[in-house]
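Shared chain: chain A. Partners: chain B in the first complex, chain C in the second.
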Partner chain A sequence: MDICYKFSKESFLDFFKLMQSFGQVHAPVRVSEQSFSFRPVEKPEQIAFEALRTILPPKKMFFPQRETLISYSGKEVKDHTPEPLAQVLFGVHPCDLAGLGIMDNIFSAGPPDSHYLARRQATLVVGLSCMPDKHCFCNSMGTDFPHSAYDIFLTDIGEDYYLQIATTLGEKLFDPKPDFIKTIDDQDNQSYKDFWTNRDKAFTSNFKSDNLKQIFDLEKDNPVWEELGKRCLSCGNCTPVCPTCYCFDVIDVASLDGNSGSREREWDSCQFTGFAKVSGDFNFRPGPVDRLKFWYRHKLHGFDDSYGLKTCVGCGRCTVSCPADIDDIVGVVLRLQASQNESKKDESA
Partner chain B sequence: MKALNSGFVPIKGTLRSIVPMAQDNYLFQISVEDGSLSGCQPGQFIMLWIPGVGEAAISVCSGQVDGTLELCVRKVGRVTSALFQLEEGSFVGLRGPFGHGFPLDEYKGKDLCLIAGGLGVAPIRSLWQYVLAHRENYGKIILIYGMRHSIDLLFRQELRVLLRRHDIDVYIAAEEIVGPDLPPVPEQLGRVTDMIKLAPIDQNFQVAVCGPPVMYQYVIEELLAKNVRQSDIWLSLERHMKCGMGKCGHCFVGGKFACQEGPVFSLLELNLLPEVIECHRK
Partner chain C sequence: MSTNQPLPRIAVHSLTGCAGELLVILENLDKLLPFVHVTSFPFAQGKNEIRPVDITFVEGSVSQPHDLEKLTELRANTRWLVAVGNCAVWGCVQRAGCNHCSVQKMIDAVYGTNSPIEALPAAPLDHYVPVDVKLSGCPIDATQFLAVTANLLRDHLPYVTHKPVCLECKLKENGCVLIEKNLPCLGPVTAAGCGALCPSVGAACYGCWGPCEEPQMEAMATILSEKGYQLDEVLGRLQAFGAPKELFVRLEKS
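Moving on, here comes the complex of A and B:
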């Protein structure tokens, strides 16, 4: 059970200073009329509290678009695992928290990824409640409520923020308890409950997700795939924006002396033609249809993979960033489900 | 304080010997400073790093790995070409071993059929060396090795020795005889599938397969026709691997990371997604 308090929105500056005492605060900042980005902030006025989805999800904080893994000079190799640097990631919504949880899973399983974990473990994550827009469908994916991956979570209950503390890291921040932190009463608990109940009603897009595995298996040859594949530009826009896309490439960068250099990793995309190519020019996913199906399957079917995860958290980022209007996940799922219902009707007729 | 070291730091290897084999294939012997590769199993692979160029996944090619490791490499692209430029005494980086190799425990007490196509002979060689070194643990052993041109034959001398043994049944064939003849085997001309038809394989066999991606579909059909069970057909799959640690996503096959859970899978495990076996030249 989380430890719960509240604080008045008027004392947000105190809360902000407390976060700053932990480390550099990163929060959503408005970068254009329509878009937001997680950036370092120095004062609360810089924070875009209204931000729903940032252009890039918070994964970039721990798994940057490009980073040095190792460097070498002659036979000497240097490990570039970063020194842990205490920082705060503020304003993470439930879908993105679920996304972080999935990334945490991937990067800590098997041989753990020191580069990701060094940054992740030194970061205090502060979640923030939100109200959905027409592209949000976290309610369908079961990621609409904060379950894990946060240290602290704030729910907007009107005049106050309802404060949940979930981890030791979070608990330490409030020890000793600062004056602006207040105890909660029954009324506050009711307001908290009301907020989440009302929010639940605010979703416009939603579909049933308990039969996704079945739908994806049975509708693997549905004409929708050809249709979407024909339109896909293989631009790979859909993957960097996804909070759970983790694929990367590793490249050597040699310096001019030929004796030193580094190995760098860069985000990669399964939507690029060469992603599944092997020697002899064989390609396991040669066409956009193969690649699109693969991506949808990874996101919504869960593949029965080693982690057993459906990796879509319903943030809607791919939907808004696809130039060809293909990544309308809700629309595609509804179509596949409709085809299933049709087939069922045919059989009973 | 750092809690972990990067899994991308290689161990240092030194090229001890470089032996040209057929065509663009060389056998490299590499020694490593610490004993960290001594546990390599047939079917596992390492990531070989040429500084400034990149890494490539290469199968363990020797049945026993102590201080030195043998790798049989074909020159196909950037990393392998750079490797071919190096001289004895050169430094290379190695990471691994990665993945699950052939299921040696599962094979115990059973009849075995090892099937190699082309360069797929590299991991299959480590397997025959291993099972022959522990010969008493296995029933009948059949080796089938096919290639496009007879000139591509690898491990010619070693195969001549195997052909003289009575405890392993060796089938070798090429689709075309170009250059020197094959060692004296009954059928020299044909495909891997033709040899599977000839060989006395039945439902009691455990089968290990490694070859070019296009070969699998046909080999599987032939083996199933011989009543070999799906769970007894073990395929080593090739993907363009970038990390070996279940992170980069490049080796994803039907929801599994081939670098960790594979590269050897039973046919049954692969639950036959289209892209697992089928591939196209593009």
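Moving on, here comes the complex of A and C:
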């Protein structure tokens, strides 16, 4: 059970200073007319509280776009497992918390990824409630409410933030309890419930997700795939922006002296033609349509193994980042479901 | 490496190009000099011998008969031939711009009739000789150039990325100019290597690195025409840096 308090929005600076006492604060900032990014911030005025989705999701904090794994010089091999400073990640919405939870599982499953985990363990995660726009569909994916992966969660209940503390790391921050932190009463609990009820009503993009697995199996030859595949640029924009895409490429970088070098990893994308290419120039997923279908299936049907985990958390990032407008997951699922209903009707007729 | 072992030998030459690659190599020569002997580099030094070397870097396209003679001689004298820059890898603007005119008409128009100038249709190196490594760029990126050299000095075939510019753009977390500003960005079909230079300053990529691996030209044309760009303008943009005709066969039919 979370420990709950509240604080007045007017005291946000006090809360911000408290976060700073833990470590460098990273929060969404505006980087263009339409886009936001998690960046280091020094004062609350820099934070874009209105940000729904950043270009890149929180994963970049723990699994950076490019990093050195090991380096060597002569016979000496150096391990580059980071020794990160304590930091705070502020403003993480429920879908991204769910994404973070999935990444935590993946990167800690054996053998654990020491680089990811070192950064993750040094980070205090502060969640923040949100109101959906037309691209959000976390309610369809069951990731619309904060369940895990946060230390602290703030819900906007009008003049105050309702404060949930989920971990001992979070608890420590409020020990001893600062003056601006207030106890909650029944009225506050009611405001909290009202917020989430109203938010639930604010979703405009929906599908029922109970038959997702089925429709991805049964509709694998649906004409929708060819139609989308023809438009796909194989640009790969849909995967770096996804909170649960974790694929990377490993590159050995030699130096001119022939005596030293490093091994680096960089984010990769299953949408690139070389991704599933093997020796003999054979490609398991040669065309854009194969790769696109694979990606949709991976996100919505789940891993084809014992995990059975759906990895889409409904954040809508792919939808807004696809130059070809073909990552409209809600639209595609609704079309596939409609075809299913059609064929069911045909059978019963 | 023991001191009395001779250093690996390199040669740097130019055919028809703008010397952009030569400048990048010159700027980085101090990093190479401890590890190589420069046997010939006419752009940078007075004493140049043509003799067998380990690595030869060639920039520029084959656009004149003496380019071809030079290339054939360089190929015969090198273990590794590296095409550097878009001209050498794809043929660049010479190939895109000049190859639909008759060579003789162009010579007459520019140099007058009866000039001693001779020309060939512009072509990348691999139209005439086997090329071991293709490092595109306009001009090439110094980090990529040094990495290619470091690998060849160890007799490793280097990894040169052919993923699209969009990857570098997204890794930098840029807002997408194709989506946000409707600019005709060719990042999705252009090979990475520049670090998404143009989109990083809010401009469209115009494709100077040449095509990425299996570029989706038709999809690119579809998306651009939906944004109001005319097909001939789109084709002009896509082909401006020498991308081969084969990539556009289906598109031109449509």
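Please note the rule applied: the second predicted complex is superposed on the first by the 347 of 349 C-alpha atoms of A that agree within 3 Å, B and C clash if a C-alpha of one lies under 4 Å from a C-alpha of the other, contacts with A are read in each partner's own complex, and residues count from 1 in each chain.
Going forward, contacts are C-beta pairs under 8 Å (C-beta built on N, C-alpha and C of every residue); 3 or more make two chains touch, one makes a residue touch a chain.
As the structure is a prediction and not an experimental result, all values here were calculated from the model.
Partners chain B and chain C fit side by side in the overlay (superposition on chain A). Touch criterion met: A:323 reaches chain C, while chain B stays clear of it. By the touch criterion defined above, A:294 reaches chain B but does not reach chain C. When the two structures are aligned on the shared chain, A:11 is found in touch with neither chain B nor chain C. Within the superposed three-chain model, A:80 lies in touch with chain B and out of touch with chain C [touch as defined at top].
In the superposed model, A:69 makes contact with chain B only, not with chain C.
When the two complexes are overlaid on their common chain A, residue A:121 makes contact with chain B while staying clear of chain C. With both structures placed on the common chain, the touch criterion links A:258 to chain B and to chain C.
Contacts of A:105 after superposition on the shared chain: neither chain B nor chain C is touched. When the two complexes are overlaid on their common chain A, residue A:285 makes contact with chain B while staying clear of chain C.
Annotation for chain A, partner touching more residues between chain B and chain C: B.
Taking the two complexes aligned on chain A, the least Cα distance separating chain B from chain C is 5 Å. Shared contact residues of chain A, touching chain B in one structure and chain C in the other: 251-252, 254, 258, 261, 273. Across the complex, chain A is touched by residues 1-10, 12, 49, 51-55, 74, 76-77, 91, 93, 212-214, 238-240, 242-243, 245-250, 252-257, 260-261, 271, 275-276, 278-282 of chain B.
Residues 1, 31-32, 34-35, 146-147, 149-151, 153-154, 156, 159, 162-164, 166-167, 170-171, 173-176, 178-180, 185, 187-189, 213-214, 216, 218-220, 222-223 of chain C touch chain A in their complex. Within the complex formed with chain B, the chain A residues making contact are 69-70, 72, 75, 77, 79-81, 83-84, 106-107, 109-115, 117-118, 121, 246-252, 254, 258, 261, 263, 265, 268, 270, 273, 275-287, 290, 294, 298, 302-306. If you check the complex, the residues on chain A that touch chain C are 31-35, 37, 55-56, 60, 65-66, 230-237, 240-241, 251-258, 261, 266-267, 269, 272-274, 288, 320-321, 323-324.
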